[in-house]
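First comes the structure, then the notes that go with it.
Should a chain be cited, it is by its letter among A, B, C and D, assigned in written order, with residues numbered from 1 in that chain.
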Amino acid sequence: MTGRVQTAVVGVTGYAGAELARLLLRHPRLHGAPPVFAGRVEEKDLARGGVPLIEIHPQLAGDNGNGNLKQEPFSWELLAERGVEVLFLATPHEQSRAWVPQALARGLRVIDLSGAWRLTDAANRAIYAFEDEGSNQAAATQAQAVYGMPELYREKIAGARLIANPGCYATSVILAVKPLAAAGLLDLDHGVIADAKSGVSGAGKAPTPKTHFMYAADNLSAYGVFTHRHTGELLEQIGIDAGDMVFTPHLLPIPRGIFSTIYVRFKQPLTRSAVSRVYEEFFAGSPMVRFHDKTLPQIQYAVHTNYADIGFQLDASGRRAVIVSCLDNLLKGAAGQAVQNLNVMLGWPESEGLA
Amino acid sequence: MTGRVQTAVVGVTGYAGAELARLLLRHPRLHGAPPVFAGRVEEKDLARGGVPLIEIHPQLAGDNGNGNLKQEPFSWELLAERGVEVLFLATPHEQSRAWVPQALARGLRVIDLSGAWRLTDAANRAIYAFEDEGSNQAAATQAQAVYGMPELYREKIAGARLIANPGCYATSVILAVKPLAAAGLLDLDHGVIADAKSGVSGAGKAPTPKTHFMYAADNLSAYGVFTHRHTGELLEQIGIDAGDMVFTPHLLPIPRGIFSTIYVRFKQPLTRSAVSRVYEEFFAGSPMVRFHDKTLPQIQYAVHTNYADIGFQLDASGRRAVIVSCLDNLLKGAAGQAVQNLNVMLGWPESEGLA
Amino acid sequence: MTGRVQTAVVGVTGYAGAELARLLLRHPRLHGAPPVFAGRVEEKDLARGGVPLIEIHPQLAGDNGNGNLKQEPFSWELLAERGVEVLFLATPHEQSRAWVPQALARGLRVIDLSGAWRLTDAANRAIYAFEDEGSNQAAATQAQAVYGMPELYREKIAGARLIANPGCYATSVILAVKPLAAAGLLDLDHGVIADAKSGVSGAGKAPTPKTHFMYAADNLSAYGVFTHRHTGELLEQIGIDAGDMVFTPHLLPIPRGIFSTIYVRFKQPLTRSAVSRVYEEFFAGSPMVRFHDKTLPQIQYAVHTNYADIGFQLDASGRRAVIVSCLDNLLKGAAGQAVQNLNVMLGWPESEGLA
Amino acid sequence: MTGRVQTAVVGVTGYAGAELARLLLRHPRLHGAPPVFAGRVEEKDLARGGVPLIEIHPQLAGDNGNGNLKQEPFSWELLAERGVEVLFLATPHEQSRAWVPQALARGLRVIDLSGAWRLTDAANRAIYAFEDEGSNQAAATQAQAVYGMPELYREKIAGARLIANPGCYATSVILAVKPLAAAGLLDLDHGVIADAKSGVSGAGKAPTPKTHFMYAADNLSAYGVFTHRHTGELLEQIGIDAGDMVFTPHLLPIPRGIFSTIYVRFKQPLTRSAVSRVYEEFFAGSPMVRFHDKTLPQIQYAVHTNYADIGFQLDASGRRAVIVSCLDNLLKGAAGQAVQNLNVMLGWPESEGLA
């Protein structure tokens, strides 16, 4: 696909939506063609044609032409009129379940940021309790979905009509563990433990007792222990049994960023350089992963970038490793990865507009 | 009043309520007589006699006998049965307007933490739009109210039946300015400017867009400019015209603490030691104010204490001063001051249970 | 020991020192006898007899008699003159190694907050590289040391002359794991993994690149992976081989508090109530541990208390558990536990001055 | 100046240096010509030709060609060899005093981020106590300096050889007050009060007691009251007497951002729209100022942008206004403004690489 490409974003109002808008609006290959922003518009805003984007996200205002953009009332006709070819959905799971089949039927290519189409195993999807689970349409749609992690599925993404953009936690853990698992190094009998910590933007924009500053600040809490929705993505992508994986999310008192500390055992003793080589080979050609050969990454250098930062420590025996994986949950964990997928899908340089 | 004193707290569920419970439960003179906690109890909790206090405020659990305490369904009969003599209201303004007259009629002494009875001038009360404004009962009740700032009204508080516990911002500013105003030093024509900053607990426990971590953290915002409810308290207590006072509250990205930076001009040049003497004399006998003769206070040393910390800088001309006033909005700005008032009211040492 | 007890604190200048001073100054059984504060005093402060305590820790000022207290120049003669019986050392490791033998020789009872005397196994002490390692005096002193965790060694502490107050991380992990290990439930072949996160006060008061706000805030970092000094305490107290334990500390962007997420496997499937019963029995009679039967603890309710909060989640198989342990690193992790040890040592109620 | 322009940065190691590097490396007009980074290089790093930029600022690493960049040992010869035309100095004041005359003599155009050349009035410079104060060379250099605020001096900047890039606080206050002062609206007899709050990055990268997380977090403190170095810039640029201006800086517990609350009186009553019009006219053609007609700005939307956000509230009398001004201290308050000046100096669109 070359020349002018028209995108649309449904669900720009959240935190990931803000980042997605920012990235698409400054994307070098999309210059001159801002996305169509569409969604639910309240009665009172219909008269002015929708809600100005800079009212929703004041940080997007300024000397950049954004002043005229609006979130307009969604309709398939609107997208057709505007010639939309690629649709980003930053919508709740159920909404993505309902809309994606329609979008595909209308010939749109879809990058869905929700959890609607990420899981191929029905057992793993059970936690979502999708209403259309088991329907023919859902099965057919799922069959078209490609898990949108370019480091694993670059070629499939290039040809995909539907990309299921990965979860933020899942991205953090999969990128850290998959290279070792793929190389057959892991002693899975001893299990993989992922202790993950996320900034508060991961909890969404709705004011709740847990997103209240007084709860989140100066605090740390664990949640979803043994039950978090992203677990299924880990199992499927890493290729590990549920009984061999523990994933524990925590709420960190910072705005954004995910830090995963991951504990693995190797089948046999390895040297540091052997482990490094595995990562380096796996990520050769992956511009959005920064593998740290000598140090452990930190959140501070990953936030506000689309990079996943990965490093590790080996114990003296060479049998146990602690892997650290950092990323920005709104970028590599959501909107940035979505744009990375767009780039791959359209045959553009993978890090275009992201590095 | 000597011997055993029974207190009750209505509205223990908020942040100030938690601090009030903590202070009363460990108060040396109340030992053996925990407060009665009363309020609205949901149907499902009636069977167990109310909501355990340590479910509401987990930090109060432990080796301290609190495990059996409950917030019970409020009724005047309950208070009577338990022999309650002093009632703390940490309730919304309107509720305090309605309940205080009843409490007084039943012979209770009341310490009301709301804004219901703080203002003597009807013009200043207009901002609250009380439903009973202008009624005889309201006027009679107001006439009994004493503004509960012991540093200003120690004697009246000792004999009061109704104490209107001051606002947190108001306490911070009044303690800083009143000594200079009372000494007739201020050039009010140049006005008094109070630039005040409060931690997020001041915004209350309800989850709202403004108390969301993502709004409050890494941010600063001003609100209620020229319109904040505490302005009336400043005018009445300092004795200044509305046109000569500007009060600007800001939301600070910290859990608790108020920092007020106050700008005044003097009628004539003053020396540093002259200004210090005014403060020292005013606060002689006031155990809960720490006047800083040499340095400016900071929030970090005032939080988790009931002290108000006050200091100032004089410019080279001796005509302009910047005053800094710090306190913990939940303690000296609310629950701590309420207990200080209790102490004064009952003839106990003013800082008992607080220092 | 009854009647008046005179304490002394060397090393009040740090964060744990501040909390220790606060606790001792308000301890009901020490009333009327503030500790002697002693340490290195600069030339310029000798003339005024030392440094006023409230200059070192401004939060201790107020209506409480602290205004006259000073950190005086340390000498053994000073301690003797003042009749000191119990000496708290909040000093660097090497200083405690040198001073403790002298203190014991002079008949003082010592509560040492450093890591100097916590480890009985020379291999575990190697990481400290103590200069006197291997000397007869060191061996004799070590033989007298009791690991100061009342929940494990209440009786020994009561009779001890030297208490090695545990490390903050170690306290957090040991209290969570020891009950299960002591009951023989753990499948150690699968190892114990402790992913621990500490507030910045744990890194000490010295300004360093890692304690700079710009490094610590909005960040998370791991450090000391496979090499942290507290590992030895875990191995010795839990009774586990180095090869079966991984302990990873992280620097949390909050002032205080430790949160440990601990991963264990059981030899055989257990029910939730069976695990709860193990904890409840182990901590019966331990007033400073709050076992949470139904929820996972959070840092926010543990800070500013001397409680250790412990809870867990069991997976569906009953074979794997995630344990969460929270405490305030300056209180139960340092100064609070030191006072708890004082209470036990002197036969006072264990939570006196702490609950 | 068209075609390839070679820049150099001395002092890339600090926080402003990091942002300056980031902006210059991605500047569309500088593509293909990264800046020369020069400075003091330690002996041990000479062998490898300097210190890799991505070791100094890890966030700059990635798929962007930065991996080969180094901070090289500074020499004028190095700059000459590389054909440097524009030199950015992010150096201490004294170093800029010494180096700027040499740079000008060598034909370089200089953008100096320090305070060395911002002040034209010797009395205002006294606070810096420059060693070369009063020399002919200093006077001649000062005469060439243009205060680098494009909103005020766009034309002079275009032709300047030496740009004195403004202070962060000064930018925040001047942009808010200058439009009103220039329009002759201010009643200066009542004075201008600027209560300014800055994130911790403003205090620099050196670890000090005041930049320690435990001091800066959960705290607020005022400093430099009546004595801050930026006061001179305010006086000169606003055109106000020292006796009529109070400027109070505070240290905010956030990484970056400045929020100034400014109190002014008008000579006569004004309407809201009249005041708005003054701002709108003043900032017409100024792409990096966002004037908020209806709301007050907040820090959160200004950080990570080069915009200054300005808004105000008028009181009922129309005589008093509270102005709020927000910016990112490292961008519009330092590196971003420096690049803005580069753009103006070279005749490029003013917001190129910044919007």
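Here is the rule we go by: contacts are C-beta pairs under 8 Å (C-beta built on N, C-alpha and C of every residue); 3 or more make two chains touch, one makes a residue touch a chain.
The shown structure was predicted, so the numbers you read here are calculated from the model rather than taken from an experiment.
Remark: among chain pairs C-D and B-D, B-D carries the greater number of C-beta contacts.
Farthest chain from chain A, judged by C-alpha centroids: B. Note: centroid distance chain B to chain C, computed from Cα atoms, is 36 Å.
With centres defined as mean CA coordinates, chain D is found 41 Å away from chain B.
Chain C and chain D, compared by their mean Cα positions, are separated by 47 Å. Across the assembly, chain B contributes 215, 217-218, 253-255, 300 as residues in contact with two or more other chains. Remark: chain C residues 15, 200-201, 205, 207-209, 211-218, 253-255 touch chain D in the complex. Of all residues in chain B, only 190-191, 193, 195, 197, 215, 217-223, 225-226, 243, 246, 248, 250, 252-255, 257, 259, 261, 263, 296, 298-300, 303, 313, 315-317, 320, 322, 324 touch chain D in the complex they form. Those residues of chain D that touch chain A in the shared complex are 58-59, 61-64, 218, 287-288, 290, 300-302, 304-305, 307, 351, 355.
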